[in-house]
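Below is one structure, written out as structure tokens, with a few remarks after it.
A, B, C, D, E and F are the chain letters, set down in written order, and residue numbers restart from 1 in every chain.
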């Protein structure tokens, strides 16, 4: 059977601040710029999750998209949407809320449940603004 | 000379919380839902400002777009971008950070400087997510 | 209190055919072109509903957006999404499924429930493809 | 019969330069900025044409969209697409190629043929970049 | 000569139903959900075809894009656009109209004609809605 | 440390003409079609630059995005934006302004400065219109 890639898009609206707690506000401003504003800022993040697998001979599906969507919602979106990433999100505890860290952390959240579907997690892509996005391929 | 409408798009990334300080968290949750999360959330807001006027006989412009953009940046974007709307923005002091209030407050910020350009402010449109936007026409 | 316009976007995926039952296939093809293919075709329709009203002094909202969304889902989307507009949709019975008729019929579906919210229905906009849309203002 | 608005989107890729021939390059640079580069620049322009009319009792159409599209192509797009607006476009002769002038000139090109369809031309909107557009309503 | 990838976007509006004829409506509903509605539904599908090859020393093109577009139109779009995928499309006969199957079938339609252009077919991507797409790389 | 890919989007508005100076206008028209119009045409080009690297242990960044953006602006955008690609752009001298050549030339402009950031240049993608784009991976 052919191997097909399937991508699901989900969205979350969250606030965050880029700053190291062991640095002064001045140092944080120097390194993280306007992203280190002490009271934070926020984004409409867009998440694309790509999985790959052989088509199921019965349904021709790689995987049930509504099931994939439910997994992403449960393990990622419900924890991030309308939240403060730095304060409210257990799986981001101890990591700065950079787009890079979000990508890797979301990958870690999804790898188990996606594998349990019998498909392979290929890419987690997080768009922060229309001009910037990060991708993690598990390497 | 014909009257033409000109629209300029600008963007700002900000955090906020919808909550009345005189209400309990429970009451705020009941009325404002997930938007009342105590630690806030955020958006990539998109702002469209529409002005109208007669074309200038010398340049055929309704107004100099780079000047209009500079005015929007100075009076609106620089105060909102990468900020917490509730805590950092002087012109939003004393108002909940609903999209409706943002629209009206941005109109008030722009009406003077836009009039000084010799054109008429027609519409302020603020998009909060791809599914929601508010518009104010000064009525 | 200022009058603000609020717009909510919703989507539905539906099939349809443009054809008059009292015309021959040849006549339908002549008038409706490829849209009259006997086995139908379909679209990802995008719906924008705009309402206007004074801001509520307690919440600053024109209306509760999640309530507006629920009304649109109940009265419009649930009846159209993943349906055949010509065969499955009670409120389209007896009308060709042109974008014009969809606009007017959706307006009629929403006018009562939107008025009951205490706001005014201003515009129903239906996008059929990225190149075509129709709008109805109740005139 | 209800009055419905119909909008058709078309695109054209063209080059132009903003400059008055009776001004020096320095004066043009001062007023028109980078848009006055002597060798020109270009855009993917997007055009939206909105017409309004009563629905036809036979077809429920305001107007035949493929006919409207053909009229826009013949009177506007074929003359602008893959052209230099300043040098190649008869209907722009003697006017600077500002977005304002494009809007008004396209209105003049379309008003006759659109009226001949039995509908009213309502708006010509020309988008120059994702951040700027102009609209003309015939006023 | 460098190897460059070129992607062409095309669109088709089609209806379909996800259902196995050897299953009951209840079983189809259980597995395929709302996509198994007996009277079908539809989508504005978006197709991206990516080919790769060395640049031609005479033209610097990987391939003539208008020729590639014509090939996609002839072998894919003309057979799918404004059609019912399950009933009207010869190359989909005997396959469920899942996005996965569409991807693989479109690849099979294009592989011969694209190879005849002297370039390599790399990816067929089919977007069903703004939230879902499938990709096939020929593996 | 995980290897993450970061993509930055930038835009430039430019004019160009596809034509070989050693060919007649008729031959150029035959090969390059409407793109060979003697007075040129233009586009809103969109550029995506993807780099990859290990996350910095101090900041969690692959690279400072504002620095990457500045490099792209200095080495690419400032030379192309509001310019005629054939006449005004030193790094395109002696090459036809095809999207393929733009991709490869932009890669060459960026490879040095991006390597100096300590990250790897992975992809340069240039979108000419909403229907066409080219990508170069340095192969």
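By our rule, a residue touches a chain if its C-beta (ideal position, glycine included) is under 8 Å from a C-beta of that chain, and two chains touch if they have at least 3 such contacts.
None of the values given here were measured: they were computed from a predicted structure.
Undergrad: Among all the other chains, which ones are in touch with both chain B and chain F?
TA: A, D
Undergrad: Quickly list, by label, the chains bordering both chain C and chain E.
TA: Both-contact set = empty.
Undergrad: Check A-F against D-F and say which one is joined by more contacting C-beta pairs.
TA: Per the contact counts, D-F leads.
Undergrad: Shared numbers divided by all numbers used: is that above or below half for chain A and chain E, i.e. same or different?
TA: Both copies touch with mostly different residues.
Undergrad: Which chain is most remote from chain C in terms of Cα centres?
TA: Chain centre farthest from chain C's centre: F.
Undergrad: Go ahead and align chain E to its copy chain F using Cα positions, then give the rotation in degrees, nearest 5.
TA: For the C-alpha superposition of chain E onto chain F, the angle is 120 degrees.
Undergrad: When the C-alpha atoms of chain D and chain E are each averaged to a single point, how far apart are the two points in Å?
TA: Centre separation, chain D to chain E: 34 Å.
Undergrad: Per the centroid of Cα atoms for each chain, what is the distance between chain B and chain D, given in Å?
TA: So the centre of chain B lies 28 Å away from the centre of chain D.
Undergrad: Distance from the CA centroid of chain A to that of chain D, rounded to the nearest Å?
TA: Comparing mean C-alpha positions, chain D is 42 Å from chain A.
Undergrad: Which residue numbers or ranges of chain E touch two or more of the other chains?
TA: Chain E, residues with two or more chain partners: 130.
Undergrad: Name the touching chain pairs, please: which are they?
TA: A-B, A-E, A-F, B-C, B-D, C-D, C-E, D-F, E-F
Undergrad: Hey, which residues of chain D end up touching chain C in the complex?
TA: Touching chain C from chain D are residues 2-10, 55, 58-62, 65-66, 69.
Undergrad: In their shared complex, at which residues does chain A touch chain F?
TA: Checking each residue of chain A against chain F gives 20, 31-33, 95-96, 98-101, 103-104, 130-137, 139.
Undergrad: Taking the touch rule as given, give the residues of chain F at its contact with chain D in the complex, in rising order.
TA: Where chain F meets chain D, its residues are 11, 13-16, 34-35, 37, 39-44, 81-84, 87-88, 129-130.
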